[in-house]
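Below, each structure is written out as structure tokens.
Each of the next two complexes has chain A plus one other chain: chain B in the first, chain C in the second.
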Partner chain A sequence: MKITRRTALQGTAGAFALGLSGFNFDFTKAEAQAPNVKRGGTLNFAISAEAPHYDPHGSDTYATLHFAAPFYSTLLRFNLSKFPQVEGDLAESWTVAPDLMTYTFKLHPGVKFADGKELTSEDVKATYDRMRNPPQGVVSTRQPTFADIGEIQTPDATTVVFKMKAVNAAMLEHFASPWNVIYSAKDLADNPAGPRTKINGTGPFVFVEHVKGSHVAGKKNDNYFKKGMPYLDGFKGIFTLQAAAMLNAVQGGQVLGEFRGISPAERDRLVQAMGDKIRIEEDSWTLNLLVCFNTTKKPFDDVRVRKALLMAIDRWGGSVGLSKISTLRAVGGVLRPGSPYATPEAELVKLPGFSKDIKASREEAKKLLKEAGQENLKFVLWNRNLAMPYTPAGVFLVDQWRQIGVEVEHKQSDTGPYLATMNAGNHDVAIDFSNLFMDDSSLALSKYLSLSRAPENRSRSTDPELDKLYDDHIRERDPEKRKALIRAFEKRVFEQGYQQPILWWHRIVPTHKTLMGWKMSPSHNLGQQLEDVWINT
Partner chain B sequence: MTLASPTLPVETPAAKPRRSNVVIDFCRQQPLGAVSFVVIFAMMFAGIFSPWVAPYDPLSIDFASLLAPPSAEHWCGTDAFGRDICSRLIYGSRTALVIGFTSSFVGSTLGAILGVASAYFGGRIDNWIQRFVDILLAFPLIVLALVVVAAFRKFTVAGVDVNLIVAIAIPIIPRVARVVRSAALSVRVMPYVDAARAAGYSHSRIIFRHMAPNVVAPYLIMLTAFIAQAILAEASLSFLGLGVTEPTAAWGLMLSGNAADFYKQAPWMILFPGLAISLAVFAFNLVGDSLRDFLDPRFKV
Partner chain C sequence: MLRYTINRVLLAIPTLFGVAVLVFFLLRVVPGDIVEIKLRGDGGSVTQETIELERKRLGLDRPLAVQFGEWMVNMAKFDFGTSMWTERPVITEIAIRLELSLQVAIMATIIAVLLAIPMGTMAALFRDTWIDYLVRVLTIGGLSIPSFWFGMLIMLALLSFFNWLPPITFTPIYVDPIANLQQLIWPALAVGYRYCAVVARMIRSSLLEVLNEDYIRTARAKGVYERLVISRHALRNALLPAITVIGLEFTFLIGGLVVTEQVFNLNGIGQLFVQSVSRNDFTLIQGMVMLIAAFYVFVNLAIDLLYAVFDPRIRYGK
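On to the complex of A and B.
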């Protein structure tokens, strides 16, 4: 491996830091990694959904992140060249106490918000306070993640200290979450819900405009704290809700890429049409679609009905067919198949909804519906109107449930109303998503916690037993015991059938070969600040 | 009901036998129209009796038969979910007819009422209505339907999207209103209308009982012609993702979605729905033309 100034500095920082140490990245030398960088130009890229609002703290859809990430910074972030290692963003350096109870971050000096105000440790404190303890009227989907933070201290303007109430072994990675964008303390004091509609960040780009139904545009932040960056003069994220429009835009060069992912058939179409002008990158994806029952509505408050509906789904057969026509691929439990703590297939097939004997499973499902007095069950399946892969998933589920005599009306809606309906609990059954940025179980399992702890739990279930299992597993540092607790959690979730993964996704990203510096990862939430992206014209 | 037919030729003994059987007369004079009627009846039959006519369940997925070419088993092949295209076409005729006929009926009826009222009242009211009609006519049918459907979203009743019907019906209204008004203007000056006014009948009675029945011919012609346009609009809106949603069998929807990804590999995915739409539109247009020729006395001269 080539030893660069960056790796040398990382090593130096590691040697001097107390406990676990972070990276110290001299951004003035960033260009050393890309000596042929060409500056200037505007990057046009496709976003297949429009952001329901601008606030990543209260969102779990990539539509918000692809829209907002270029305008903001985070404390840490993932190094996509060495995923899942973390690196500093606003943090110049950091230390972690050996007992994992104290995290100290030293911020880059002279960082400025787009409105000209200088960033201080108070802004970081206000941001994390908002996420862990959201004020009235503010939704924070990060609340469970940061519930273990006891106190945030700001000894000086560039130092932030997080004192933990309890150990969370994955806390450092959580600090690198792309959703934890730093807001101005003054903005939050003026209006805690302000970031939903107003953008003021310290990121590589400054917000220019959002034309609803059309695009979001940003221009280069001349005061960006990483000198010499970004390389681009600006960007335009163009909303292409129709897959055909997005593919035509990529093919015609109106956009240089779509960073979420396309289906295998779409990939083949682009490759056939564009030959060596298109770059295709593939990876497994830390993302799954879930079937989610509104447990506060009848008859979905009855576990027999929920289990019956889950048992009617032939995931193994569906995986074979759907993987040919959509981004859906792997059968898995609450953790990404193949990841260190994921449940192996031999154990998975014993859980409700994962049997390979689909005939027997459906017979059992019919019996359960009969017992529950729901032989003529009818309901509305609420879904997002994204062609890939929501529509194929909806078509698949409707077919699966018809096979046990259940009549389903499939309703699809734009991202905004789709999320609003589910968040308000106005759905019967919905196709939801679990959008992770890493494989850590404390992140993946949090979606299944009781509604009071996890606003993104759209089954609206309350289950103290699950909450306890979650808390126990976070504290557990023995890998085998931790694994056992994850299995127990997963079994409980599926036995109760509140919500369950349908299939996990496979990520295929098309970009023009003129687009440089963008890095592929297993999550479409990562690497969207676009600071080191450039166009090789 | 008062019928006014001053322009109709006086019936002669020689002409009478030709009108003794309307169906036979129509078939003899308008063979293409008759064939189109047969096509429409076939569509209606398929739509009404689709559970018995269709060889497969149109929603049933069969991944083992993914993108199967036309064969004895699947006459029109299968789509990307392995669903039988022939069965989906048969069920799709329901969607096309329900939305096509309802939209056209609602739009044409409201347009006819507006047109007759405009002609009857005349003066400032006529002027205002016609300028409003001018504004609506400035927008192409599909553009106006797009705006309406995008603004109102979906509202389904018994599986039928009411807003989609409204979206397609609205652009039909001004088009029918303009044509019907011109027919109604000539009726307006008939002595029996003046007599009805002199007798003190209400405006609504004069419009609905004395004028409207005399513009039935252009109304019927417009109604059938706009069924074709409505079917096309429904297919277009579904193609654009604003019409009916998957997995409903609908011809326009069959052309959209992942058909674009697989049409080279499986051209039957777009060929048969395209043919069905073309055939239906062609048939309704021909029926409209034939009816006009058959009913309009000027074409008899």
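On to the complex of A and C.
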């Protein structure tokens, strides 16, 4: 039985009485072998960005995960065949106390780091301590996620117990986050910032080299604790910073895939050129672009201005056009459209910025601007200089706002300065992104919390009412009540107009048909360990 | 000649010092902060205290004069410091890419020179004939078509006609010459075409001018074979301005192929330059600017020395 937050929430009284438990297929005893698997070979795949460093704890970019995930293990992970169910990775089994206040994990015995040292519960403790209380000089973007952990106990070498300060109904999924890779306690003691520049994990592959600007290479970990895995002898993640170079490489067979996602036009080019040699998988994406207003700057401290600008955006019409030329597609609220807690379309259209009567909506927007004394509003839209899909999104917004008489200068910059500018609060209005690895509301909603609680809130808003709604929802175990709280939260966010999704992304992944075992999911952050991938030559 | 060479080498020192002063202080007035980008540019929640600590660790909190002095002293010992972004020695970061960039530049120069000299000479000798027109069309094409676009055409042609593409990662020529040439011949061709066009047009116009000189008429009047008139008297003199262009183009190729490198997915100096500028990686930018400046200084010296070889009238130091 695999336990997820949903099954936990919906569990029977009997299950609670016994304590919730999960277990994992024991890979250490049984040789994993998919039918007709061919072993060996080196997988070349494209990574469209280069990792700024090697430490997933302190990163939010997929470039770090696609680079580092094959070298590491996590406590739990998502089962991509049954997403969003979780399964064990380093954890052989686990139990969750009925009150969701204690999580106990039993680790696989005999797991070894690449340097030969055996993994123990102390390594798990040191890793999670680093994420929730990063030492001086260490950046942890995971700190808020684990704020509810009170204490981590290690009663023996293969048991680790997490005692919670407060209930977080999605905690099990958070333990499956791909960012929470386990480091060696000794390495962290020697240098807490060490994982930024050095790799030593327990994953299916061992680090070979990182040629800056060119590629990262790994070779099969012969001591990997899942017997018979990985199937590949090694991999090479090749940095292809230009889309045309990446497409050429896929078409020419120099790489067998690009696992983040490509645009519809790029998909069409590959299909036309490669015919039945290319496999195209598509799914909605746990990723959206948001428009966010810096509420600490005038006139964006005025809710009327923010609301007017949101109401001028024709998302429904934009979706039709943008989905043909970019990875943007679905109209949705704070949760991925189609996911269990997402707001249905019939309710969504009643919220500011989502009306299908765009003419009336824009008239209302003009009125609001007039009331606020901002009829001749001019500002700079800060954007990332990635062609897909940031540039079309920026052009789209400039045009939408022009239609209510607002003049916008569209400024784009490289990822580093773009994020640094927003994080320092130096922007007026920006196109931001929400990069999730699952649909859980505790993750998706956290971006909208007050700045003091959510540094990734680039609208820099402070709203105790929203914070309370969030806290209430995260502790709520009744699914219907929880859903109602999410709706209230969403309504409040959009009524205040701090930030709002423009459109949700659509994921299109091209792989050669000789590439087997790689699994598609709604998140490009998942499934990159590559342990069960093989090449059918 | 030796004295002249020594003088020129010594003159390079103040030149490079001037470059160092300019690059160091100009970088400090450009907006942007490496520490902000490094720690906050990845979505991280970082306290101001951590930012200040990192700034201190990188030595950015010290007075500019102290930072500059330390950099100069270290540079005199050929220590260019550590990249503020990657934390690896600047020399290592550059060395990874320089081999590739240098090889592309050398190959492109060879292609350009081998094609440009006969093309420019033929065009001048057969002025206003179909040969001249053909060379002019080809060279105008070379000047008009951006190298990166020609590179994209090459890649598409390889894919469409041969369903083949060159290797995507760099293999040094001493490890596997075939894999190395398979990868680098195409960018060298793409860049070499434009380079060849520039040099060929320079040789053509220069040769046309020289062919009207009195000494050429004298040589012909003396009954010297036409082939000797062209090769020994005309072409040798006509090559002098072309040598200057070849040298400057060669140096430009070391760091100026940003877009072409992207098209061919090459891990070269051009891309590193762009990345380091976008990250405000001062130490790396400084190291690369000094490298390119040194290339310019020494390639110019080599050109001046070559002048003496081609034109016996030029004798430096006398």
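As a convention for this text, the second predicted complex is superposed on the first by the 495 of 537 C-alpha atoms of A that agree within 3 Å, B and C clash if a C-alpha of one lies under 4 Å from a C-alpha of the other, contacts with A are read in each partner's own complex, and residues count from 1 in each chain.
Keep this in mind: a residue touches a chain if its C-beta (ideal position, glycine included) is under 8 Å from a C-beta of that chain, and two chains touch if they have at least 3 such contacts.
What you see is a predicted model, and the numbers here were worked out from it, not measured in a lab.
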item	value
Combined model on chain A: chain C and chain B, fit or clash	clash
Greater chain A contact set [chain C / chain B]	C
Touching partner for A:146 - first (chain B), second (chain C), both, neither	neither
First (chain B), second (chain C), both or neither touched by A:60	second
Chain B versus chain C as contact partner of A:249, first or second or both or neither	second
First (chain B), second (chain C), both or neither touched by A:241	both
Partner chain(s) touched by A:179 [first = chain B, second = chain C, both, neither]	neither
Touched partner set for A:505, first chain B, second chain C, both or neither	neither
Partner chain in contact with A:231 - chain B first, chain C second, else both or neither	neither
Which of chain B and chain C A:410 touches, first, second, both or neither	first
Touching partner for A:494 - first (chain B), second (chain C), both, neither	neither
Colliding stretch - chain B into chain C, listed as 24-32, 96-104 or 132-140	132-140
Residues of chain A contacting chain B in one complex and chain C in the other	241-242, 244, 413, 417
In the complex, chain C residues that touch chain A	32-33, 36-46, 50, 53-54, 57, 85-88, 93, 96-97, 152, 155, 158-159, 163-165, 167-170, 262-265, 267, 271-272, 275, 278-280
Parts of chain A lying in touch with chain C, wherever the complex brings them together	44, 52-53, 58-61, 64, 136-137, 139-141, 143-144, 197, 211-215, 236, 238-242, 244-245, 248-249, 251-255, 273, 413-420, 423-424, 455-456
Residue ranges of chain A in contact with chain B within the complex	241-244, 247, 263, 265-266, 268-269, 317-318, 320-322, 324-325, 385, 387, 391-392, 394-396, 398-399, 402, 409-413, 417
Chain B residues within the chain A interface of the complex	57, 59-61, 63, 66, 80-82, 153-154, 156, 159, 240-241, 245-248, 256-258, 260-262
